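The same subunit A turns up in both complexes below, where it pairs with subunit B and then with subunit C.
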Partner chain A sequence: MSTTRFVQLLDLSAGLVLVTSFAALWLRRLVTVTWVIAVQGIALAAVAMVLGVHEHETELMLIALMVGALRGVVLPGLILRAVRAGDEHREVESLINVPAALLAASGLTLVAYATTRDVVALSSTPQVRALPLGIAVMLIGMLLIVTRRKAVLQIMGVLMLDNGIALVMFLGTSGVPLAVELGIASDVLLAMFILQVLTTRIRTKFGSTDLDQLRELRD
Partner chain B sequence: MTALIVLVPIVPAGVAALTAIVGWRPATRWLPVAACVAVSGLGIALAVHVLHTGAVTAIGGQLRVDALSALMLVLIGLVGTISSAYSVAYLRTELTTGATSPQRARLFASLMQLTIAAMCLVVIADNLGVLWVAIETTTVATVLLVGHRRDRTSVEASWKYLVLGSVGVATALMGTVLVYFVSRHSGGAASTALNWSTLVERAPHLDAGAVRVAMGFVIVGYGTKAGLAPLHSWLPDAYSQAPAPAAALMAGALSTMSMYALLRFKVIADITLGPDYVRTLLLIAALMSLAAAASLMVTQRDYKRLLAYSSVEHMGLIALAAAIGSPLAMSAALLHMIGNGLAKSVAFSTSGEMLFATHTTRIDGVRGLLHQRPFIAATFGVCLFALLGLPPFSILASEIAIVRAGLDDGLAWTVAAALILMLVIFTAVLVHALHMLAGRADGATGGHSTTPHITSVTAGVPLVGGLLVAAAIGITIWPISALLHAAAEVLAR
Partner chain C sequence: MSPTGVVVAVVQVILTVAVAPLLVGMMRLIRARLEGRVGAPLRQPWRDLRKLLGKERMVSANTSIVFSLAPLVLLASATLVAGMVPFLSTTSALDQVGDLFAVVYLLLLGTVFLSLAGLDAGTAFGGMGASREMTIAAIAEPTLLVAIFALSVSTGSSNLGTIVADTLAHPARAASPASMLAFSALAVVTIAETGRIPVDNPSTHLELTMIHEAMILEYSGPDLALVELAAHLRLVVFLGLLANLFFPWGIATTAQPLHLVAAAGAVAVKLVVLAAVIAVVEVFIAKVRLFRVPELLAASFVLAFLAVTVSFFLA
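Up next, the complex of A and B:
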């Protein structure tokens, strides 16, 4: 792979991870948002794959396949099941409207670049220059969690947050050691699984997964 | 020694697996307690060894036990013993009243041991990535514990806990990843770049600007999990909805684990950045926690939430001690962890008995408890006194030490503010305690004198035993003083 091609592919896939997080704020149908999250997972795997091919690291290529399977297929599949089970693939309510959400997300992207200046200054490789994208995706994930009142959307927010961290992990250091990577992956899988179990329980107990109903506990 | 270190998490993990397979049976129900006693025993054995020879490592440096790890293992063992021992009586009552099923009892007992195993891994992992994985494992396991009752309120609490907990722990992961990045870019080898012992050695050469960003993420992340304000809102819900033994474990040991992780990172950051950055962040969190606890304890109407806010208060005090950072302050912080851990785990366990006896967690639903239920009332009262810092318990000593260390360090105004907030909390808890314990119940305030629940000896022994250990540490510190000082040395600047 030539250097220019490498930089192009890297920027394309890393950029796609950010674009999909904006799309998740903008789109209104739950099923579509789930697909967008799946695309984000695949784009993340592509980042790892591009890096693995560029650096001739077989281990990283294997991790890329694992990430693609987990974050591109398994986890979105779990979420899609929850969405379908709830018959809630209609309009998504949000505490703030779409333009405001997109504006906030743009602001968060700027914040991500501003706060990581010192980090990016450590190295001038194309990977590290793209690193703030990961922080931005993480912050947008938090925005999704804070502004959306549907259980599945908060799950997707948590997943997006983790995708952002994984992006920083790949861009910054070509991934953490394999043992830690496996631990992180299995914990994320477990957390997602339990979130789905809880969604089912919320639905049985409250009738729907509208989180505004969760207000019995207060001081 | 290597074998002992590896054995520490394996014992409770093995019991967790066994319970998951054979279920909650009379024959094996004391195994979890035995596992926790074993953890304390291993902790003590490792402590004796470490005090003589210094830190020991295992599995190629992945696991490492120093004085601080050994002290934390003893704490996990003690709190685990209290909560597991109380689980036996708790599950028996729930099973006889039909509040839970054998299946759920199996899941509950298994998850308790899994949480304890993961906590053991937290304190013996040298690799900060492994430490994170262990903390996330405790989150996942305790979410299911909080949701044990599966009614509306416990589902709500477990949802809020998992979402906010995941966000918090993920933030800490971002910090950890950035630390790894900084470490690699200053020439660290991939296999050891995340090891705490390596990072401390290399700390002077790390890039200060990047470490500052990473530490911000770490403090917010682990601070959320520890229950420091302003990100503590999950805590009262989770602690009040969790079954009593699970709440005892979470409040007694689990929140301390996140604090432990934060303190390990603080050692690195203090060398790279100087003390001021972390100190400022911790002071803000400490005062906000004390203020949040004080304001919500005054008007509190639920005694389990009252205990939960007391946890926010004590985490705030530990953060205050950590912000001061002198050897005296760090000893005080560690002693405070132990004092709070023991008293809080007994308090939450007792709250389980209170709930069985009175069928309510409302403070005004409990009146004249001393008259009707002398044992429960006395235990609960003594726990509250211990948590308020009355003699003979160790919290008094650690609080005095924190104040002294703060004054020595020129933080007079901060300490004064903390003292005022503590006075408010003291008064609030005393008023609530008098209301619950003293007086006579009359029908109008919901006395339940006809309730058949009798506190069994099985339930009573762990409660009294826990309080006796807490009092013993308060009266004479010498059994742990050498370990305490050595552990504080690890953390102090």
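Up next, the complex of A and C:
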């Protein structure tokens, strides 16, 4: 793979990870947002794959396949089941409106670029220059968690936050040992299971997963 | 300012004015055929313009000079932009005096005057149309500016001709993430600014959600002809910008007659393809609710913003 082709593919897949996080803020139907999160997982796997092919590391390519399967298929599938199980509104309910959320997200992107300027100045490889994208995805994931009312969407926010962390990890370290990646993956999977069980419990107990209604603690 | 540049600018204006109504006629014809109607012939918009120009000029007694001035300003600004934007050649004389800021603000000048004219007559419909147009323009104009700016960052110049020539010299740049983001942002702005579905419906009158038609409701006769011609011109200008900024192949970098003819053919093909795509897509989608339009435009603004960020930091 030539260097320019590598840079282009890396920028394209890392850019796609960021664009999908904006799309997740923009779209209204829960099912569509879940699909977008799946695309984000695939794009993240593509970043790892491009890095792996460029550096001729079989282990990184293996990790890429695993990331694609977990974040592109398994986790969105789990979320999709939770969305389908919820009988209430299938539309996103947000504390701030869509244009405000999008503008806030572009502000967060700027913050990500501004805060990582010194890191980027240290070395000017294409990987490091794309690093702010990962930070931006993390921040947008947090925005999603803070502004959405549904528990399902907050799970998606957690997943997006984790996708951002993974992107920073791939770009910053060119991949960690397989053992570490396996540990992270099983952690995320476990967290998803716990959140899923929690959501189901909330729903059976209160009839909806609107977290704003959970204000008081009772025995 | 070289004499050949002046010739290029004049040829560009003449060709654009001649072609614009035909392109609109083609879009209407495609739409009619897909809906199972026979449709009006290709040159129907020209016939309409000629009919309107032959009519008596009627102006409401309640209007001020702004109302009479608006069609002239609208048409003049659209014509000037048609000469400035690199359609046939990157060597147009007007292109050297005006850059992307001049183009964007000349287009905005026309929009502002049309909105003022909508308010001027004091009718409810005109005011509604003007207020809606301003809501859209307030987000669409910065998006247009920022989207083209994303391209000018990698070129290092805000001159449209230089941007196009530079893209021609580096074809790989047309496929970069920044340019793809900017293209999608500019496509949404084009649809919003030219009043096509899903933002506005160009084929209906007296609908509660209309924007452009509400503003020009008070116009008749020759004034209406000027406004319509300017609207057609704006469509061609936006489509031409979209086509030549992102797919500049075929454009002449000199002012030789043979190159200009080839460039005219190339830009005609690009315009026809783009217009046909818009017309076909319009048949299959519905207009979005007016209150959702700012969401669509905010998304396009964010795309343009990302394009600038990406081209600034990644390039």
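The criterion applied here is as follows: the second predicted complex is superposed on the first by the 215 of 219 C-alpha atoms of A that agree within 3 Å, B and C clash if a C-alpha of one lies under 4 Å from a C-alpha of the other, contacts with A are read in each partner's own complex, and residues count from 1 in each chain.
Assume a residue touches a chain if its C-beta (ideal position, glycine included) is under 8 Å from a C-beta of that chain, and two chains touch if they have at least 3 such contacts.
Computed from a predicted structure; not experimentally measured.
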item	value
Subunit A: partner with more touched residues, subunit B or subunit C	B
Partner chain(s) touched by A:18 [first = subunit B, second = subunit C, both, neither]	second
Subunit B versus subunit C as contact partner of A:26, first or second or both or neither	second
Contacts of A:113 with subunit B and subunit C, given as first, second, both or neither	second
First (subunit B), second (subunit C), both or neither touched by A:130	second
Touched partner set for A:4, first subunit B, second subunit C, both or neither	second
Subunit B and subunit C contact sites that coincide on subunit A, given as residue numbers	none
Subunit C - residues contacting subunit A, complex	172, 175-177, 181, 294-295, 298-299, 301-303, 305-306, 309-310, 313-314
Residues of subunit A defined as touching subunit C within the complex	4, 8, 11-12, 15, 18-19, 22, 26, 97-99, 102-103, 105-106, 109-110, 113, 120, 126, 129-130, 132
Subunit B residues touching subunit A - in the complex, by the definition given at the top	127, 129-130, 132-133, 136-137, 139-140, 143-144, 147, 150-153, 155-160, 162-163, 166-167, 170, 173-174, 177-178, 180-182, 184-185, 190-191, 194, 207, 209-210, 212-214, 216, 236-237, 240-241, 296, 299-301, 305
Touch list for subunit A against partner subunit B, complex	115-119, 121-123, 135, 138, 142, 145, 151, 154, 158, 161-162, 164-165, 168-169, 172-173, 176-177, 179-180, 183-184, 187, 190-191, 194-195, 198, 201-202, 205-206, 211, 214-217, 219
